[in-house]
Amino acid sequence: MSNAGVKVKNRPNLSVNIGGIHMKNPVATASGTFGYGPEYAPYIDLNRLGAIVVKGTTLEPRAGNPAPRLVETPAGILNSIGLQNPGVDRFIEEYLPYLAGYDLPVIVNIAGDTVEHYAILAGKLDRAHGVSGIEVNISCPNVKKGGMQFGSDPVMAAEVTRAVKGNTEKPVIVKLSPNVTSIVAVAKKVAEAGADALSMINTLLGMAIDIKTRRPVLGNVMGGLAGPSVRPVAVRAVWQVYREVDLPIIGMGGIMAAGDALEFVLAGAAAVAVGSANFVNPCATMDVLEGIEKYMIENEIQDISELVGAAQRFSL
Amino acid sequence: MSNAGVKVKNRPNLSVNIGGIHMKNPVATASGTFGYGPEYAPYIDLNRLGAIVVKGTTLEPRAGNPAPRLVETPAGILNSIGLQNPGVDRFIEEYLPYLAGYDLPVIVNIAGDTVEHYAILAGKLDRAHGVSGIEVNISCPNVKKGGMQFGSDPVMAAEVTRAVKGNTEKPVIVKLSPNVTSIVAVAKKVAEAGADALSMINTLLGMAIDIKTRRPVLGNVMGGLAGPSVRPVAVRAVWQVYREVDLPIIGMGGIMAAGDALEFVLAGAAAVAVGSANFVNPCATMDVLEGIEKYMIENEIQDISELVGAAQRFSL
Amino acid sequence: MDAGIVKQQEVAEGYFRLTVFAPAVAVAAKPGQFLHMRCGDTLDPLLRRPISIHAVNRDKGEVALLYKVVGKGTALLAQKGKGDQVNLLGPLGKGFTLPERNEKVCVVAGGIGIAPLFCLLQELTARNHSAAVFLGAATGSQLLCAGEMERCGHIVHIATDDGSAGFPGTVTGLFEKTITPGSSSVDRVYACGPRRMLKRLCEIIRLEGIPGEVSVEERMGCGVGACLSCACKTRGEGNGVAYKRVCMEGPVFPVGEVVWE
Amino acid sequence: MDAGIVKQQEVAEGYFRLTVFAPAVAVAAKPGQFLHMRCGDTLDPLLRRPISIHAVNRDKGEVALLYKVVGKGTALLAQKGKGDQVNLLGPLGKGFTLPERNEKVCVVAGGIGIAPLFCLLQELTARNHSAAVFLGAATGSQLLCAGEMERCGHIVHIATDDGSAGFPGTVTGLFEKTITPGSSSVDRVYACGPRRMLKRLCEIIRLEGIPGEVSVEERMGCGVGACLSCACKTRGEGNGVAYKRVCMEGPVFPVGEVVWE
C-alpha cells in the first residue's frame, strides 16, 4: 500500500483480469441467476457489468426438474432448477447474439453428464463468436448424473478440467462445490490440471420438508442452498483456497451489498459474482459496484488489487 | 398408521428411546448452547426437557479462544468459543451434582485432542453418577487439535467411537460434522464401530470479515455456523443418513420453532436438539415441545414414532 | 421502485386490500399481470412476493392489491399502513386476452383467486361488457368483491364450501350445474383459484369445448424470467411437455396448455 | 417478557431514549445491569441486543434505555414507537458496587458510555451523594444528559474530540488533567466507554492507586451465561488469565481485573 496517505485524485481502478478475461470491474453475475441478459436489461445497463455468466448450458436441451423448484429458507433460497436450458447449439444460435450487442465479457457456464460432454461443450464454445470464457460447473447439486459428483472428487475434477482445457483456447474457470471435506484439495488438483481461474461457491446441498403435506417441498427432493445464509461458508472457502492456490478467484455466495462483496475481496477474491440478490433487487449488481467504488474512494484505495486478500495479513 | 381416522382421546405419546436413553419427549438441548442447566432454570422447568446435553467437556480445563467469539450472520451465528470448560474432573464435581436434583437424562458432550483422551473421558464419565449418556464431539471446528479432524475422516471417526465404546457401558451418541463430502460414509463407519445413536449436525465451518478493520471478525479467524441459516443442510443430512444407517438420530441445526423440529422428525430424526434458539427465546425448548404435541393432536398422531422418517415415504 | 401506500384495509378477516400510488404501473397494467413485492426490509423474508394487480385507477395513478395473509411475507405487508413505502417491481407477466365484444364471458374465482379477475371485470365494465361471475369461498364472510361486481352489472353466482351463502359446494360444482351442457351459453371462461379447482374446471370446459384462460401460481424467485424457478408444466411442441415460466409466459395460460398433475 | 413502549425519543442525531413499562424490571434493576432486547420479529437480525439500564422510575414502573443506532438491530429498535411492544430479558448481569457514603466519586463516560452511568448517578442522587462527572463525546451535540446530571447536583466536566464544547480532547485527557496527582481527590472511579478509553483510564487510575469499576462490552449470544460468547479476558488466580462472562460476571468489572489488549 505505497499510496497510503496520498489522497486519491482520480477514480480508483476497478478493472481486473481473471485468468485472461479482462473485466472493467470485479462485479459479475452468478450463473443461473441472471438468465441470458435480456431479463435484466430493463433494470440495469448491462455494459456496466464486469462480466455476465449465463445459465448452465448442456449438450442437449434440458427440461429441468418438476415444480416446486424453489423454496425460501431463512435468509436463503433452496433451488432445484435442474439445469433447464435450450442446449448449447440453440444457446449459441439464439441467445448468444443478443449479448454481442454489448461490450462485456460473456462467460458460459457448462455442465455435462460425462467428461466427454464437457470436452465437446468446450469445443463448441471455443468456436462460438462472443464467448470470453468458460465456467466449468462441476458442482451442480440438482442433476442426477455428473454435476456435483465431479466436483466432490479431486481426481475427477482435474479430469474434467483437463478435458475442457484440451478443447479450448479460451480462459477456463472451474466452479467449485462447497459440499466437500476439503475444498482446498479440489482446488489444488484443478489448478494442476490447468484451470485459469476458480469460482466458488456453488450451492450447499440442502432440503426442506413441508410439515402439512409431510413431503419434501422441492419436486426434486434435495436442492442447492444459496443466498446470504451461506455467505460465511463461502467467505471461508475463498479464504482457505486463496492461501494455498495461486489462481484468481471469483467469489460468490450471499452477496447482497457492497460490504458483502468486500468481505470476499478481502478474503482473497479478485472478482465477485452476484446471484440471488438479483431476485431481491434487480439493480443489486450496480449497487454492489457503486458501493465498492465508494469504499475505495473513502479508504483511498487506488486499485482494487490492493484489497484482494488484504485480510490474510492479519491471520494466525 | 393403523390409527388413521381414529380420534386421539389421550394425550399423544412423546417419549422416545435414543440408543438406550429414555427421554420423556424428543426435545433436548444442543451442547454448548444451554450451559450446564442452571442458566436456563429461571426461564423453564428443566424437568420438562427430554434431555440436557451439556457443554463440550475436555480432559483438562480449557480457557477457550480469544474474543470476539461470536458474530451474527444472516439468520445465523458464527461462533468460535473453543471449548472453554472446567475440565472433566471439575465438571463431575462441581457442575454435575446440580443436575442430579432434576429428573432428566444428562448427556455429556466430550471432545479430545487424541483418541486416548476420548477413551479416558468416557471412562471417567462411565463411573460418574448422574450421567445418562455420552455425546462424542468429533465435529468441533473451533479447536486446533482433534475436533473436526476426527469427524472428517470415516476411519478416524470409527476409531474414536470404538475407543469410547470400549470404556463405557453408557449409551454413546456420536455427533457428526456436516463439513464432509459424504456424511453417510462417516455415519456408516461410526455405526459399524458400535455407536448407539447419532446426532447431527454440528456447525458448518465459516468466517466473517470486518470491512472496517479488514480483519477476520472472530478472534480465532474461522468459526462454526449455526442457526436457522443452516437448517436446510441439517435436514438434508438427517434425511440422507436415515435411509442408510439404522441408528436413532438426534437432529439439530436451526430449530427455532415446532415446525422446524417436525421437519427433522419427518426427515428421520427420532429426537431433536434446540441450540441457538435458546439465545433468542429462553423458552424455545418448551415452545418446540408444546408445538409438537399440538401438531400431533391436530393430526391425530398417537405416537411420535409414527412421524419419524414419514417424509421418506414420498421420496424419489 | 418505491410506492407510497394510500390505503390499507382489512376487507375480511385475514384478507387485505392495499392501495398504492404508482402512476407508471397504473398506466401500464393489464388485467392478469402481477407486481413483485418486497414485504420487509431485512433478509428474512428474503424474496419478493408476487401479488396480482387487483384494480387500477389510472386517473388517480393508483393500483390496488387484494391479498390473503398466509405466511410471513403477507403478514409483514399487512402491518404497513398509509404513508409507508413499499418496494415493487412490475407490472410483470402476461395478462388475460380480452374477449371479443359479443362473447358470453364466464369468470370463475376460487377464494383469493378473485384478485386478478376483478381487474379483468373492471376492464370489461369499462367496455360495457358484462360477465357471469362464479365466486366461491370457504365461507360467506370470505366472499370478496361480490357487491362491487354486481353494481358494475356483472351477474354473480355464489358458492360456499360450508353452505353459509349461495350454493353449498365448490364453485366448479356450481359452474357445472349452471351452464347448459352442449349449448353455447358460454363463449369464454377466465379462472383463478386453487390448483385443484382449476384442474377440475379445465376438465369441464374442455369437455364442453369452451376456450378459456387460467391464472396459475408457482413459487417465484426473480419474477423477471431469469431464474427458471416458476416452472409450469405445459404441453409443448408435438406431444411433448415443456416447462414455461409463470412470471414471463404466464401467469395466464390458455386452458389447454397447462398440464395438471 | 413483552413490555409496552411508553415513549421513544431521538435525543440527539442517531441517539434514542426508549422508555418501557416494565414494573418487575424497574423493581429489580441495579445500576450497571442490562436488558437483552429483541429488536425485530423475524430471523434477521437473529440475536437479541444488550442495552444497559439507563434510568428507572420505580413509582411508574418504567425503565429507560439510551442507545445509539449503529447497525440493523438498533435501527429496527428506533423504528418502534409508543404503544408498540418490545420483548426483553432482564435485568441481567452484575451492576456497579455502590460507593461508601463519604467517598469522593468520579464518573467517566465516553460517548454512549453514559447510558449505564446515568443510572448509577440517579442512585447516588437518591442517596444525596454527588459525583464529579467527566463526559466526553465526539462533538458537542452528542453530549448526552449533561443538563439533567447538573440539575441533580453532580459536577459535570466536558470534553469533545472536535473541541466544539468544553475541553478539546479526550475525556481521559481531561480527567488526567483535572485530578490532582498523588492527592486523595478521588476515592473511586466508575467508567464506561470505548475500549481504548477504558484502557487508558485504567492505566491512569492504577498509577494513582484509585479503585474503580468499568462496564465493558462484548458480543453476546444468550445473555444468561450459557454460551460463553461474551468472554472478557481477566486476571485469573495466581498470575494466569481467565475468560469471564460479560453477561454474568460482568458487564461491570473491577478496574484491576480486566486485561486490556
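Note that the chains take the letters A, B, C and D in the order they are written out, and that residue 1 is the start of every chain.
As a convention for this text, a residue touches a chain if its C-beta (ideal position, glycine included) is under 8 Å from a C-beta of that chain, and two chains touch if they have at least 3 such contacts.
Not measured: the values here are computed from a predicted model.
K.L.:
Shared touching chains for chain C and chain D?
P.N.:
Common neighbours, chain C/chain D: A, B.
K.L.:
Which chain's C-alpha centroid is most distant from that of chain C?
P.N.:
Between chain C and every other chain, the largest centroid distance is to D.
K.L.:
Based only on mean CA positions, could you tell me how far chain B sits from chain D in angstrom?
P.N.:
The answer is 37 Å.
K.L.:
Using mean C-alpha positions as chain centres, tell me how far chain A is from chain B in Å, no decimals.
P.N.:
34
K.L.:
Determine the centre-to-centre distance between chain A and chain D, using the mean Cα coordinates as centres, and give it in whole Å.
P.N.:
Inter-chain centre distance comes to 46 Å.
K.L.:
If you look at chain D, which of its residues touch at least two other chains?
P.N.:
Chain D, residues with two or more chain partners: 43-45.
K.L.:
Name the residues of chain A that each touch 2 or more other chains.
P.N.:
Answer for chain A, listing residues that touch two or more other chains: 74-76, 227-228.
K.L.:
What is the shape of the graph in which nodes denote protein chains and edges denote touching chain pairs (line, ring, star, complete, other)?
P.N.:
complete
K.L.:
Could you pull out which chain A residues touch chain D in their complex?
P.N.:
Contact set of chain A toward chain D: 74-75.
K.L.:
Under the definition above, what is the set of chain B residues touching chain A in their complex?
P.N.:
73-76, 78, 152-153, 179-182, 204-209, 211, 214-216, 220-223, 225, 227-233, 235-236, 239, 254, 259, 262-263, 266-267, 295, 307, 310-311, 314-316
K.L.:
Sort out for me which residues of chain D touch chain A in the complex.
P.N.:
Those residues of chain D that touch chain A are 43-44.
K.L.:
Flag every residue of chain D that touches chain B in the complex, lowest number first.
P.N.:
Chain D residues touching chain B: 38, 43-48, 89, 218-233, 241-243.
K.L.:
Mind pulling up the chain B residues that touch chain D in the complex?
P.N.:
Interface residues on chain B, with respect to chain D: 32-35, 39-40, 42-43, 55, 63-72, 74-77, 79, 81, 84, 227-228, 256, 276, 278-280, 282.
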